[in-house]
Amino acid sequence: MGEFDFSVWGPSLPFIRDGLLFTLRLTLVAMSGGIVIGTLLALARLSPIVPLARLAGAYVDLMRSIPLVLVILWFFLVIPYITGSPVGAETSAIITFTAFEAAFYCEIMRSGIQSVPRGQLNAAHALGLGRAQSMIHVILPQALRNMLPVLLTQTIVLFQDTSLVYAIGAKDMLKAADVVGKNYNRPVEMIVLSALIYFAICFSLSLAVKQLQKRVAIIR
Amino acid sequence: MNYHWNWGIFLEPVKSGDETYLDWLITGLGWTLAVSLTAWLLALTIGIAVGALRTTPSRLLVGLGNVWVELFRNVPLLVQMFLWFFVVPEFLPRDWSLWVKQEMPAKEFVTAAICLGLFTSARIAEQVRAGVGSLPRGQRDAALALGLTLPQAYRQVILPQALRIVIPPLTSEFMNVFKNSSVAFAIGVLELTFQARQMQEDSEQGIETYLAVTLLYFICAFTANRGMAWIEARTRVPGLIARSG
Amino acid sequence: MIEIRNVSKWYGHTQVLANASTHVAKGEVVVVCGPSGSGKSTLIKCVNGLEAFTQGTITVDGISVGDPKTDLPKLRARVGMVFQHFELFPHMNVLQNLALAQVKVLGRSQEEAATRGEALLDRVGLRAHAAKFPGQLSGGQQQRVAIARALAMDPICMLFDEPTSALDPEMIGEVLDVMVELAQEGMTMMCVTHEMGFARRVARRVVFMDHGEIVEDAPTGAFFDAPASARAKAFLSRILHH
């Protein structure tokens, strides 16, 4: 057994807090951006305009079949060529995760939209609502409600995945733990601390989602 | 910014040695396959066992299975890699700890394969539990009524059916293993992502590098998918799909 | 052969069996009937220990089912059971279904098991279907295979749990024929069924259950001609006038 000194946890807390704040910001931005873009992608995939549906489908399949770390590296490499100037690792991470998660939220929203009975659309049309109106006021709210637990579960996965910004050195919680561990020469204690924090957050969120799942039954 | 394309880069020698960049990528592919396949075998064995335990009448076994799944599901894979690589050896008895740190052959590879294998086993356990749960309860009763013991009933009757049911979700898990193996770069396994970063820095031809590596990951995922489809076709039972409830 | 004494069972606060007692002697056929939810399926599953019971004793051939020291797999291997939904193993063909427990439980060789299996398939008229999978057979054929599968273990008695309830009407006859033949050969049988014609033909006694209680346990003739309880009368008039 090695010798441990967990007193390093005390002075590390301000750094951990800052790192955690970035991790949370990244998660929330990527979640909201991802759900919005993902919903648009889902509508595109379900649209009768074939080229549009194909394009959206290809984007989603591409994102889903390569490793996230590689996507992070790709964006970090390519964004400067598009914007014309280098961007920080944090900005790059936010863009990457939004674009990447959109593909996953897209598939969730697509099955959400398909879970709403066809009769609902007919009923909306019969009331004189247009296509867009029916989608916004009738279909999407039900799709969101049906898929809420799945969307939240995906968000927990996203929260964990943000740790991979390690690949480009963005300053998230794991990076903060890493830096403190190196500065105090206590890397083991700091890895344990970050594992505990991730576990505490993810486990309580997943319990909450389970509770929600019991209450929100899919309405068909 | 302008990008200077150079598709011949793969055949050029690396800056610090007589290998070519192509050699690096081939090594990378080798380690990616090694980590992924070893992890997959480990994950299948443990995942099926844990998944089955979670469906037994024993509350203790179910509880242990649940703890297993929750532990591996709620900590990021990257953090788990660090835990296995830096933390676990510290908790071993002194002699073992020294051996692991100093003498264990292919330490990075072994650690990555164990870590990814256990991580994936929790996900497989979840699928297998759902698969067993979806079988009619009468199947278990019928097996027991014939005098089979509970382990025999699982081996002969319950698992062969449950595993057929979970082949589609297992297919995406198998593809995930290849994707997730990329996280092993962080503990220094010389797999594809590690080599991609190294080649990008060394050659400064990032786009060609990443395109090649992306293609290789694609091929892995595609092969994994076809392989599982082949297994699914081979294990298909006539008339099974027609049977409802 | 089967002795059920004062058996009670609770699921939480709901009582599903209330002090049930009956017996099936060697070579006897006893039919158990009653409205759905009366506990008849639960009772028959208690006989081979598929369901645990809270109080009372059940013995089969002198062996106590509820005793924790009893080797249940060994006991079950000697008691045949046929289920409402057949429960053939869908991933095995018909002959494999018949051979599995013979090999794994009785330790017979594959050849012995196959020979015995084929003989029994002959008997239920399905020899030609030996290589088919359950999903390729009709419900009636599946249930006959299930009976053959139970018989392959050379059971000392047979339990039938609503063997015809999941069948289309035109297939009920072929299954009942097999059961009648079995009864006439002297097999000890406990049958949960609503087939009153079958009961009249071969049952020595009829046990009528309601709300987990055994309300009536009478010789077949007496039960049909003059049921003692109002509940049995009501049940009979419902079931016979359909």
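In order of appearance the chains are A, B and C, and numbering begins at 1 in each one.
Simple rule for what comes next: contacts are C-beta pairs under 8 Å (C-beta built on N, C-alpha and C of every residue); 3 or more make two chains touch, one makes a residue touch a chain.
All values reported here derive from a predicted model rather than from experimental measurement.
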Checklist entry - So which chains count as neighbours of both chain A and chain B? => result none
Next on the checklist: If you average the CA coordinates per chain, which chain's centre is most distant from that of chain C?
Outcome noted: A
Checklist entry - Whose C-alpha centre lies nearest the centre of all protein C-alpha atoms? => result B
Next on the checklist: Taking the mean of the CA coordinates per chain, how far is chain A from chain B in Å?
Outcome noted: 22
Checklist outcome for this item: dist(centroid_CA(chain A), centroid_CA(chain C)) in Å evaluates to 55
Next on the checklist: Using Cα averages as centroids, what's the distance between chain B and chain C in whole Å?
Outcome noted: 46
Item to check | Interface residues, chain C side, partner chain B - complex | outcome: 45, 48, 50, 72-81, 83-85, 87-91, 100-101, 104-106, 132-137, 146, 149-150, 153, 159
Next on the checklist: Under the definition above, what is the set of chain A residues touching chain B in their complex?
Outcome noted: 1-2, 4, 65-70, 73-74, 77-78, 80-81, 84, 160-161, 163-164, 166-167, 174, 187-188, 191-192, 194-195, 198-199, 202-203, 206
Checklist entry - Can you name the residues of chain B that touch chain A in the complex? => result 1, 3, 70-71, 73-80, 82-83, 86-87, 89-94, 97, 175, 178-183, 185-186, 193, 196-197, 200, 206-207, 210, 213-214, 217-218, 221
Checklist entry - Which residues of chain B touch chain C in the complex? => result 136, 138-139, 141-149, 152, 156-157, 160-161, 164, 237-243
